[in-house]
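My questions will all concern the structure given below.
Chains here go by letter, A, B, C and D, matching the order in which they are written, and residues are numbered from 1 within each.
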Amino acid sequence: MIKAGIIGSTGYAGAELVRLLLQHPEAEIVWYGSRSYTGQKYADIYRNMFQIVDADCLGDDLDELAKQADVIFTATPQGFCASVIGDGILENTKVIDLSADFRLKRVDVYEQWYHLTHKAPSYIKEAVYGLCEINRDKIAGARLIANPGCYTTTSILTLYPLVREGLIDLKSIIVDAKSGTSGAGRGAKVPNLFCEVNESIKPYGVTTHRHTPEIEEQLSYAAGLDYMGGESILINFTPHLVPMNRGILATCYASLKEGVSEERIGEAYQKYYGNETFIRLLGAGQFPETRWVEGSNFVDIGYKVDPRTGRVIAVGALDNLVKGAAGQAVQNMNILFGLPEDTGLKLVPVFP
Amino acid sequence: MIKAGIIGSTGYAGAELVRLLLQHPEAEIVWYGSRSYTGQKYADIYRNMFQIVDADCLGDDLDELAKQADVIFTATPQGFCASVIGDGILENTKVIDLSADFRLKRVDVYEQWYHLTHKAPSYIKEAVYGLCEINRDKIAGARLIANPGCYTTTSILTLYPLVREGLIDLKSIIVDAKSGTSGAGRGAKVPNLFCEVNESIKPYGVTTHRHTPEIEEQLSYAAGLDYMGGESILINFTPHLVPMNRGILATCYASLKEGVSEERIGEAYQKYYGNETFIRLLGAGQFPETRWVEGSNFVDIGYKVDPRTGRVIAVGALDNLVKGAAGQAVQNMNILFGLPEDTGLKLVPVFP
Amino acid sequence: MIKAGIIGSTGYAGAELVRLLLQHPEAEIVWYGSRSYTGQKYADIYRNMFQIVDADCLGDDLDELAKQADVIFTATPQGFCASVIGDGILENTKVIDLSADFRLKRVDVYEQWYHLTHKAPSYIKEAVYGLCEINRDKIAGARLIANPGCYTTTSILTLYPLVREGLIDLKSIIVDAKSGTSGAGRGAKVPNLFCEVNESIKPYGVTTHRHTPEIEEQLSYAAGLDYMGGESILINFTPHLVPMNRGILATCYASLKEGVSEERIGEAYQKYYGNETFIRLLGAGQFPETRWVEGSNFVDIGYKVDPRTGRVIAVGALDNLVKGAAGQAVQNMNILFGLPEDTGLKLVPVFP
Amino acid sequence: MIKAGIIGSTGYAGAELVRLLLQHPEAEIVWYGSRSYTGQKYADIYRNMFQIVDADCLGDDLDELAKQADVIFTATPQGFCASVIGDGILENTKVIDLSADFRLKRVDVYEQWYHLTHKAPSYIKEAVYGLCEINRDKIAGARLIANPGCYTTTSILTLYPLVREGLIDLKSIIVDAKSGTSGAGRGAKVPNLFCEVNESIKPYGVTTHRHTPEIEEQLSYAAGLDYMGGESILINFTPHLVPMNRGILATCYASLKEGVSEERIGEAYQKYYGNETFIRLLGAGQFPETRWVEGSNFVDIGYKVDPRTGRVIAVGALDNLVKGAAGQAVQNMNILFGLPEDTGLKLVPVFP
């Protein structure tokens, strides 16, 4: 059994990690970390866990935890993981960081978009970006995994084959994304109150959302650009808040290169994802809906070419708490420990 | 492996059966029946099942199905199961009926509340009411199970210990229940449209809802009344439609008999449910919320005595599609086939 | 034009007062009070008011406000109005208090249920309980109005004719109420976050909710009991939180006195409400839904007698922010200033 | 008083017309037409109208209606208005058609996108496209108004100043739109059931939605193109269904022409909308949310320039049933009859 510790187990992503690990046949949770609720019973904070989890919430002493755990998940605010990471920890345990601390390879980009000074730049190079379908091989031998963001997982996976195969104009990419409200976290803020979110939709972080450079960096690699040398795809990324608990939908627009057909698009998706367990290709003219992936680790992708405008519209959907956070983290854990990638993740989507 | 056939697999309860059986380690689905969608791919009707279920929808030929299946689930409208049941089928296979056809022992009561002529009254006596926590022993040897209704499971389980132990005035029982909209089924009707249900709550079936006599009958047995001889507890049962997908909450009111304390109430719950896997007793003054049981087979129960009025308020909550329908049906299947009762049902509630 | 000041204009009830007064032909708002947002533009807090309200939020200096305003609405937490009220204010202006400070005539009951020491007990006697349909005459000449609570308005209006006419057993009353989430206010608390409320229903304040004694007191008057002398109806009142913005539904149960027919019930409602503008009697067997009153000042009431149990089930519905708070406050203002009671309140319910 | 008749008064847009006209000081409704509910009481279909509307639903005899009414609103499916319109009617009365029959000037485009043969092509030229802020002058003298679609009103008003002033690349326009579910109408269809829409977001009509050519035509006029001669802007328009009752948000993307600054964008909006009653300009970097316009006739517009990509992101929001349908129809009526444009439309947005 893999011994797993969770720092930040009382946020929504952390709680989803708890749900998934409890149902994982090869893992057990040895540490429910929660700065806000240290000392309280975990099941008092998440009453769905009544009579399932008996543990109390512990603090965030990573050195102690590293002695007990084979893997540590940090489902914490930006900056935390970078402030505590160190060789002492990494020699004892694997770390899967669900925050953005190690997602961006360029410190300057991190500091510009996150308005934070990076506390552990020396570990950035070592960290592997944990987008399983793309980076599987690198993940296998890593000590420190940067688990991708929810919007970014959706956006990158939707666009990757098109960029990788050189089918679209790299200057033309627009991602219009929509997210359920669990993505905003469990912090007590007026804008996240029921009456403020319900019966409304709004854009936010327009041109400034932090997932933008993460998408740009990964797509730049796919395009073969010298990202570290300063080359980069630039995109427009606009997230919207939707009155639902879970789900992300990314509607992606790009201009096709001369002569690229819808069939060619389909072949590209097939080439990269045809054998993937967690990516379901809906085919041309079929589009995903978040309800069909809820509670599961699937990403559903559909697309269509508009001959009138010469653009492809590709749409991806996933559950932001599963494939967009905790599910992908478990998938990374499975790779790290040599388990079949879908261990504990054969979750049938819950509907309605 | 238990071979299972589902008649009515494209209703919400049927689809939930599919979800649960797909994740059940000892069962496989051999028949996806659907009168409305015969011949179509199941995954085209429920796109969450894309690349999970490859089968087409079949019709409702129970004789043929009985040859192939060890157990048949009928998740069909009232009247269907009674119109097709017969010895030929029951000699070959177990039948678990999710409709009301065999829930009521008195034909006259069935016909009065359902406004239907019962087509198979001779099988009523044989049928076992599949409320697992109460009728476990009888279920084990049965051929035909009447799977309880969603409101009734919640209401009966919440009130059973109080009635059985003689703690409350049997004439004083009121059940005010609230249900998510999946309970109304997938029929295309104006009152179930999003804009009609959203942002509203309404009572319906006031004094006439068909789950009323089902609750009354089972509680009458618990009270030791001669129900078949004409004795019966009479209750007020008022269901309400709530703008959410899943969940039932039953708020039950009853006058305490002289001298009954809150402690005594707690002991009664402990006596009957203390060892139950799927009933979680929250204790005095703690009340359930439907979000904490969503997606799981749990029933959460809390209670409180009001010394001012001499009443106990007991509240139960469950997921209407799981413990209120498909989950309990699988639990019944497990009992019928000698499996541990929680096989395939160790579902951690999904939140948020 | 009536000059109106609002203390607590940035809570949901206060904001609804703003909306109603802006559309009132005989009133204008001269003071947008808000302790939390003093100095900020009102339209920055409520962006629906952009280009409609140009004012900044002011503080809560009631003495100063009393000089400017003909009427002051206090949409403030319990205890505030009692702590500032005084003759200086009441000689200059009318006060309509939307909190509970002056709703209960017995200080001991107030202090017991609210766990507060009452700061102005000498004004309790003078204050008039502003349930317009019942207390219209007393309201007309008052200086200080205690605007009723949302649950209480629904519950009392639904039960009043039955109690007043002596048709029901006074010991048998149970009110099972359901409310939209705006009733919980705009405070930033985890239990009111979108993901915590959405897709769930829960009871709260079981046997302890503060609207209980308010309902009991008013119904005791209706029954002709010597409430101040210690006589009182006692009821069970159980509120539930529903995932919707607005609306209250109160499902009321009571045992009928010997020989009382459904027809007699109908006559009683007709007698007291037959000419009321804002009470819509749906008749026997017809029940209200909150969607049909949303945005309006209506209370819809329906009922049914259950001959099996001898009970009447009466259900009332209103919009908690309108007839349950701001609308009734404006109705009180209209009475105080001799205007037709429906001035500014001829609001057609908004659906969907 | 203007005598108004409504054909299709029991759809959501028709019902909103009823709500608005009931509160309009200069109009009265003389005909509640409804093919589906002819002969039934209107208030039985829309119970919010109980004791407000006493009329029965009538049929769709436009000749008879034209004798009684000064203005007829057709809130009917595509094809109806074209099939009944004629000089006899137009000589007696004004017609405001809320369907698409007369919105597109080119019959071939209409027939291509709507898959219908146009029944009255000779009236297309006469019809005036009723986008009030743009076509006010032409509307004033018209007999037949083509009331714009909900998505189109949002999209055109958001983009118009940018196109008109030549600030953006006409080949670069993408509109990613999101709508509440009332836009899907009141037809009883499975995809519009509560459980199908709730907790999900989906794109639909990708590259084929019928509002596309309507937006293209109007923007082509703004750009000075010879639309009838075959010139046209081509855009990508992607609508999404959002789990809320009302509201449309259109997120528009376009590449700026060389040297166009954010300031210049702001000036353009100011130039065309600075004096408009119903368009609220939020300014640079401020974005609309549908909750802030709900129940009102406002369109809120915000924008931002992204210097990294050279694009402007402009976002518009309105209530699809008001400014997107019934409100704009009433605004058109006001213009037709020489009333101040905001008569009966000074609606403060309802929040929450």
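General remarks:
Keep in mind that, in the parts below, a contact is a pair of C-beta atoms (placed from the backbone, for glycine too) under 8 Å apart; a residue touches a chain by one contact, two chains touch by 3 or more.
In UniProt terms, the chains line up like this: A, B, C, D = N-acetyl-gamma-glutamyl-phosphate reductase.
Owing to the predicted nature of the structure, the values given are computational and were not obtained by experimental measurement.
Two chain pairs are in question, B-D and A-D; the one with more C-beta pairs in contact is A-D. If you match contact pairs by residue number, over half of those in A-C turn up again in just one of C-D, B-C or B-D, and that pair is B-D. Comparing the centres of all chains, each the average of its CA atoms, the largest separation from subunit B belongs to D. Mean C-alpha position of subunit A lies 38 Å from that of subunit B. Our note on geometry: subunit B versus subunit D, Cα centroid distance of 46 Å, whole angstroms.
Subunit A and subunit D have centres, each the mean of its CA atoms, that are 38 Å apart. With touch defined as above, residues shared between interfaces to two or more other chains in subunit B number as follows: 12, 182, 195-196, 198-199, 243-246, 289, 291, 294, 352. Those residues of subunit A whose C-beta lies close enough to touch subunit B in the complex are 12, 15, 19, 22-23, 46-52, 182, 199, 245-246, 280, 282, 289, 291-296, 300, 346, 348-352. On the subunit C side of its complex with subunit A, the touching residues are 12, 181-182, 186, 188-190, 192-199, 243-245. Listing the residues of subunit A that touch subunit D in their complex gives 171, 174, 176, 178, 180, 195-196, 198-204, 206-207, 234-236, 238, 240, 242-247, 249, 251, 253, 285, 287-291, 294, 304, 306, 308-309, 311, 313, 315, 352.
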